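Structures are listed in the sections that come next.
Consider the two complexes below, in which chain A is the common component and chain B and chain C are the respective partners.
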Partner chain A sequence: MINDFHYLKPASLKEALAMYAQHDDCKVICGGQSLLIVMRQGMLAPEYLLDIKHVKELSYIKFDDKDGLRIGATTTHREIEKSDIIAKKYPVLVAMEQKLASIQTRNWGTIGGNLAHADPAGDPAPVLMALKANIKFGNEKGDNTMPLDEFFVDYFETKMDHGDLVLEVHVPAPEPKFGCAYQKFNLLDSDMGIVAAAAAVTLNADGTCKEARIVLGNAGPTPMRVTKAEDLLKGKKLDDKLFAEAGQIASEEAQPVADIHASEEHRRHVLGVLTKRMLKKAFEQAQKAA
Partner chain B sequence: MSHAKYSVINTPVHNIDGIAKVTGRATYTFDVTLPGMLHGKILRSPHPHAKIINIDATRAMELSGVKIVVTGKDTLGIKQGIWRRYEELCDEQVLPLEKVRYIGEPVAAVAAITEEIAEAALDLIDVEYEVLPAVYEPLEAIKKEAPTIHEGVERNVNVTRHIEWGDVDEAFEEADYIREDWFKCSGQAHMCMETRAAVSSFTPEGKLTCWASTQSAYYTQGLLAGVLGLREGDVRVLAPYVGGGFGGKFELDAAMFCSAVMSMKLHKPVKVIFTREEDFIASKRRTPMFYYVRTGMKKDGTFCARESRMFSNGGAYTGMGATALYLSGFFHSFPYKWRGYRYDGYRVYTNTLPSTSMRGFGAPQAMFCSEQQIDWMCADLGLDPFEVRRKNGHTEGYEVPGQAFIASCGLEQCINEIEKWVKAKGKMPPNRGIGISSCGFMSGGIFNWFDSPYSFSSAVVTINVDGTVELHVGCQDIGQGSNTTMAIIAAETLGVKMEDIKVHSGDTTHCPADLGAWGSRQTLMAGNAVKMACEDAKKQLLEFAYAEMGINIVYDLDIKDRWVHIVARPERGLDYFELVKKVLRAKDGQRVVGRGYYTPHRKGMISPAYSYMMQAVDAEIDPETGRIKIHEVMTAHDCGQPINPLGLIGQLEGAASMALGYAYLEDMPFEDGKLMNPNLVDYKVIKAPEMPPTGIIEIDTYEPEGPYGAKEAGEGLTNPTAAALGNAVYNALGIQMKELPITPERILKALREKKEQEAQK
Partner chain C sequence: MEKHILRLKVNGDEYEVYIHPKTLLAEVIRDHLGLTGTKRGCDTVSCGACTVNVEGKSVKSCSVLAIQCEGLEVTTVEGLEVNGKLSQIQRAFLDNGSYQCGFCTPGMLMSSTAFLSELEGKKPSEEEIRESIEGNVCRCTGYNSIVRAIDAVAQGKYKEE
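Coming up: the complex of A and B.
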C-alpha cells in the first residue's frame, strides 16, 4: 500500500530545485510510471513527493542541424514517439518508443524520469548511448553535463545527488554514413526487455567502419557498452563474420543475472544474437545513408 | 440448417449491461460501501507447511482503529469444500486451526476502521509456527517417504479416477503402431480483472447479507451457511456484477468467509478485497498435470486404443480439483471413437497453492497431450492429420460407451473448413508453421457433488401490465454475458423486443436457485429454464387471445415482434400490449407469471450436449532466439445455434487470449513453495494491442437438448490452442514440445537435442 506523503507542486524549475533542496526525504515524480510501482511495493516510502509534471520549461523537443537534438526532461515518451523531427533524424528513437510499454505508460512517463530511475532494463538508455547522447542535470547551485555513458552507477543508481534533477538529454547531430538499431528480446512486443541490444555504425567514405557502438540493456547493473567488440570492428570492412564475432564478445562480456524469465545462459546467447543482428541492421542503414 | 426464422436469436447485440459498465455505474463488490463499514485484511502463512503453535493478537488489538482479530479458534472450525456430498473431500478450514499447508494460506483476519490500519495490524499479530517438512511436486508427494499433508491420507493421494470402456488390451493388440509419451502441463492463474472480494453485513436479527465476487451466488449462500452455522435462507448473497471468474470463483474464499465471521462478531459490515498479489498466491489456479499417454493406431490411421495415467498437482486442498481430474480424463478421449479407452487419474496433495477448475476444466491439458501425439503419430506413419481426425471423429448419434450420447456434432464440417483454410494459406516460409487441434466440450455438468436439492436451473418471468417483462434468473453473469443471452431467449420466446426485458440476477433472495456459471452450463440449462418460463407465461397470454379472437381451435397462435397472431395467417392478430392489459384484467389484476426449470435426466455421466471445434494456429519461431510470433488463430466451431453472434466473438477472442497465454506465456513457477511471479509485471498476459487476429467459422448444427438448438460456446474454446501451437512449432521446426508453456528456452533446447540426434544418425 502506498504511504501517505506531502505533495509538492512547483510552478517553475527554480521553485522545483529550491523545494528539492529543502526537503531531505523527498522523491521526484513526473508521471510515476516507475516510482509508483516501487512505492506500491513498499520499497520506497518518501515523506515528500515533488511533482515536476507542471514545470513547462523542461518540456520541449528542439533540433538544430549543427547542435543536434535537445529533449527536455519532462517530455513524455509519447511526445518523442510522435515527433516528426525525431522520426526524420533519429528514427531509432521512435521505433524504440513505439515498443516501450503501453500507450498509457508512454503518455505519462517521461524521458527524464526514465533515465533517472536507472533501471538497466529501460529502453531509452541503450539507444541514447549508442547515439552518443549527453545528459544534463542540476540543482539549485548549478548544472552538470556528461556523456550518458558515465551517468549510470549501479542498479537504480546514477551520478546525481539529492537535489539534482535531470534537465535535458542532448543527442549530437547525425553524422553522415550512420545507422543505429535497437531491439529488445521479450515474449510480448511491448513488454520489458529480458535483454536488449543497441548498435550504431558510422562508415568511412571507403566503406570501412569509422566507429561502432554497442550497448546492451539488462545485461548487468547498468546499460553497458561492449568496447571490446566495438574496437574489433573499427577500421574494418564489416561483414557477417565480424558481426557474429562481435556478438560472441558481447555475449561473453555481459553480466546478466538469471531470473524466472530466462536463465543466464539464455540471456547471454540472446545478447549475442541481438548484437549480431543490430550491428548488421545499423551497418545496412549506414550504407544506404547519405 | 436453422429450424426457424428467429426475430432476436442470432442477431448481434451488445451486452445489456455494457453501458452501465463502461460508464462506471455498475456496482461491483469493490464499489459497495455501507454505513459504519470496516475494512478487513488477512494474515497469511509464510511457510509451506507448519503447525500453528500459538497466535497472539494482543499487539494488533492495541493499535488504534483495530476492531477485531479472528483466527480459526473464533470459527466453528468446519472443514468445508464444494464437493459437500463427500465428507472426505471437504478438507479446508478457511482459517485453519492446527496447521498451514501452503504459503499464503490465511491464519488470521483483522477488521479496522481503515484498510491502512488493518494492514498495519497484520504486522502486529505474532504467530508461532513449528515448521514441518514440505513437498511440492505430485511425483514426489506420492512417494512413501513424503511428508503427510492431510492426516490419514495415504501417500497424499487426494482423489483417484478410473475411466474405462471396451477391451483395452485387445484393442491395443490390433494396433500396428503404438506410441507413448510423457507430458508436463503447467498451472495458470485465473487472472480475473476483479480480485476476490466480499462485503458481509450481519445484523442482530440473525441475517447475513454478503456481496461477493462469485460465479454462483447459490453455492456461496450454501457454503457460507454451512461454515457459519446459519440456515441457507438467512444468508443472502448478492452478486450483481462480477469481474470475471474463469472457474476460480465458485468455491468459498477467504474474502467471503473472513468478512462474514468478523461481521457476525461485530454486527458491523466488513469489506475484504484481495490485492492482486493475494489473488495470485492464495486464490487457487489451473491444475498442473503430468500425463503419460499410450496410443495405438492401425497403419491406415484407425484409432484402436488409448491408455493414460495422469498425476495432478492438487496443492493443499481439494476444491474443484476432483472434477477437473474426471473431466480431464474424459475429454482426453475427445473427440474420437476409441475401441478401448482407459484413464487413471491421481490427484496428489502438495504444499503449494491449491489447484482447481479453470476455463476448460482439465481439457486444455488433456488436449495438449492428445492432439500433439496424434500429429506425431500421423507423421511417423506418413498419414494426413486432417484425414485421420475425420476418420476417427465423433459423429451425430455416437455413444461414448457408458459415458455420453452425442446428439449433435459438427466435427467433420469443422475439420473440412479448417483444412480448406490451411490449404488456402499455401506453403509456409521457413520457421513458420500451422498447427491444428480438434476437441469438444460439455454444455454443463450433470454431476451434483454439491448435493443441491434444487433444480439445476430455474427462472421466473413476470409480465407487467404495460407489457414489460421481469426475468428473474439464478444463473450468474460474470462478464460472459449470460444476462444478455437469457434476455435474448426470453424476448424470442415471448415474441417481444430486447428492450421489453429486464433481467434480475445475482441475488439469492429474489432470484431462484441455480448452480451458477461453471462448466459451460448456463446457455443450455438456464436457457432451457428461461425458455420454459416464458412458454408458460406465453401460454397464459395465448389462452386469453384464443378466447378474445374467437378463432377455430385448429389454428396455432404465436407472438412475434409484439404481434399476437395466427401462425397460418400472420396478418390476423392483436397488439401484444393490448393483450397483456386485458389478460391482467381477466386475472383479477394479477401479473402473468411463468415458471421454468431444468435438471438433466438420463443424459449420460457428463453433460446433456457437446460442442465441437477445430482450431488452427499460424506461428513463426525465431530459430536463433526461440521467440514465438503468433500470426493468426482460426477456429471452426459448432456450438449449435448461436444465440448472440457478438457474444460468441467475445468468447472466442477471450478464450484465444487466455489459451495462447497458457500455451507460451503464462506460468506459475514456485521455489520452495513460494510463487515467484505474483504480480502483473512478472506474470505475462497478452494485452489487447498484442492480440493476434482471430477468426471464427460457425458450423450450423441443431442440438435437440439445447434451447433453440444452442449449446456450449466459450469455455471449450480454451481447449485446443496449446496443442495447436505445439503442432505449429512441430510443423515449423520439427521439434516436439512436451512441456508447457512453450518457452524460447525450451524451443532452443529441443532444437539442440534434435541436432544431436541427427548428428548421431
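Coming up: the complex of A and C.
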C-alpha cells in the first residue's frame, strides 16, 4: 500500500528546483518504475512527491562529433534504445537498453531516474562508466558535473544532496580504435543482472592497449571499476591469457553478497567469466574500428 | 491529503476523476472507470497483465501514477474494437487459439498492438515478436499461439473490417 503524499507538479526545471528546496520530506518521481515499487513496500513514505516526468527541458538526446553525447535526465530508456545516432555512435548503449527490464518499463522509465535510484544492479551505470560518462546534477543554487565513477556512494546512495536533481548524462565523443561490450547474467532476459560486467578497450596505432576500463554491476554496494585489472592490460599486446588474468582479478576484487539468486562464490566465478568475455569482445570491436 | 481532479482520455472518451495522487493508473481504469478488461496480476511491474497504451506506447498501469497521465490518451483492451468489430490482432488471437485462461490476454493484446503499430509495415522476425511480449507473462505458457497470432497480423493476413 502506497502511503498518501502531497503531489507537486512543477511546470519548469526552475520551478522544480525551487519546490524541491522548499520541501524537506520530499522525493522525486520521474517514471517511478523503481520508486513506486519501494513506496509500495513501505520502504519510502515521503510527505511530498515532486513529479518531473513532464519537465520538457530535460528530455533530449544531442550529439556532436567533438562534444559527444548529451542525454537529458527525463529521456526515457526507450528513446535511447530507438535513437539512430546512439545506435551509430554508441551501439553498446542500445544493446544494453534492449535488455533493460521490459518494453513497458523502458517506455515510461527514464535514464535520470535510473541513475538517481542507484541500484547497484542497474544496467546503464556500468556501461556509461565504461564509456567515461559524466553526470550533471544541480539544485537551486547551481549545478555540478562529475565523472559517473564518483557519483555512487553506497547501496541506493549517490553524491546528490536534498534539493539536487539529475540533469544530464554526458558521454565523451567516441575515440578511434575503441570497443565496448556489456553483458549481464540472469535467468530471464528482462530481469536485473545477478551480476554484470562492462568492458571498454582503446588501442594504440601499433595495436597495443592504450586504455581499458572494466566495470562490474551488482558486485558490491555500487557499480565498481576494477582498476587493478585495467592497469594490468594497459600498454600490453592483448590476448586471451591477459583477458583470463583480468577476469581472475575482477573475480577477486568484487564484493558480491549472496542472496536467493546466487551464492557469493558463484557470483565471483561468473564475474570473472563475464569480464574475460567482455574484454575480448571489446578488443575485437576495437581492432575492427576505424 | 488533498485530492486532485485528473483529466484524461481513455479509448477516445474524455474523463474527469477525483483521486488521491497515489492512485495508480490501473486503479483509475478498473475502479473509477469500471473498465475491468485491464488486469492486475503481480502489482510489481513483472507480469504485464495490466499493460495499457499511453500515447500509443505500452506501459504497466500497476506502476504508473494516474496523475502523471494528466491530459494524455490511454487505450485499454476495451478500446481495441472499433464500431463493434474486433481489431486485427484480436481476430488473430481468436483464430490461433491464443487464449488459455485468458488472464494475460488484455496485456498481450496491448503489447502486440503497440508493437504492430511501431512496425510500420516492416516484417518482424520471430525473435522480434517474442521480444515484443517479453514484458508479459502467460502463466499457462501458451506463448507459441500468441507469437503465431502476432506473426499472422504482421504478415498482412488480416485486414481492417
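Everything below uses one rule, namely that the second predicted complex is superposed on the first by the 290 of 290 C-alpha atoms of A that agree within 3 Å, B and C clash if a C-alpha of one lies under 4 Å from a C-alpha of the other, contacts with A are read in each partner's own complex, and residues count from 1 in each chain.
Assume a contact is a pair of C-beta atoms (placed from the backbone, for glycine too) under 8 Å apart; a residue touches a chain by one contact, two chains touch by 3 or more.
The model shown is predicted, which means the values in this text are computed figures rather than measured ones.
S.K.: What does the overlay on chain A give for chain B and chain C, a clash or a fit?
M.R.: With chain A as the common anchor, chain B and chain C collide in the superposed model.
S.K.: In the overlay, answer first, second, both or neither for which of chain B and chain C A:289 touches.
M.R.: After superposing on A, A:289 lies clear of both chain B and chain C.
S.K.: Regarding the shared-chain residue A:244, is it in contact with chain B (first), chain C (second), both, or neither?
M.R.: In the superposition, A:244 contacts neither chain B nor chain C.
S.K.: After superposition on the shared chain, which partner residues are touched by A:37: those of chain B (first), chain C (second), both, or neither?
M.R.: both
S.K.: Looking at A:262 after the superposition, I want to know if it touches chain B, chain C, both of them or none. Which is it: first, second, both, neither?
M.R.: Touch partner of A:262: chain B, not chain C.
S.K.: If we overlay the two complexes on their shared chain A, which of chain B and chain C does A:185 touch? Say first, second, both or neither.
M.R.: Once the two structures are laid over each other on A, A:185 reaches chain B alone.
S.K.: Where does A:102 make contact in the superposed view: on chain B (first), on chain C (second), on both, or on neither?
M.R.: Both partners, chain B and chain C.
S.K.: Could you tell me if A:5 is touching chain B, chain C, both of them or neither one (first, second, both, neither)?
M.R.: second
S.K.: Please work out whether A:51 is in contact with chain B alone, chain C alone, both, or neither, and reply first, second, both or neither.
M.R.: Touch partner of A:51: chain C, not chain B.
S.K.: In this superposition, which partner touches a larger number of chain A residues, chain B or chain C?
M.R.: C
S.K.: Same chain A residues contacting chain B and chain C, which ones?
M.R.: Looking at chain A, the two contact sets intersect at 37, 102-103, 189-190.
S.K.: Flag every residue of chain C that touches chain A in the complex, lowest number first.
M.R.: Interface residues on the chain C side: 1-2, 4, 20-22, 24, 43-45, 48, 51, 54, 57-60, 63-65, 67-68, 111, 114-115, 131-132, 134-136.
S.K.: So in the complex, the part of chain A that touches chain C is made up of which residues?
M.R.: 2-7, 9, 29, 32-33, 36-37, 40, 49, 51, 53-54, 78, 98, 101-105, 107-108, 189-190
S.K.: Spell out the part of chain A that touches chain B in their complex, as residue ranges.
M.R.: The contact residues of chain A facing chain B are 1, 37, 102-103, 185, 187-192, 260-263, 266, 269-270, 273-274.
S.K.: Which positions of chain B touch chain A when the two form their complex?
M.R.: 115-116, 119, 624-625, 627-628, 664-665, 667, 669, 676-677, 681-682, 684, 686-687, 689-690, 743-745, 748
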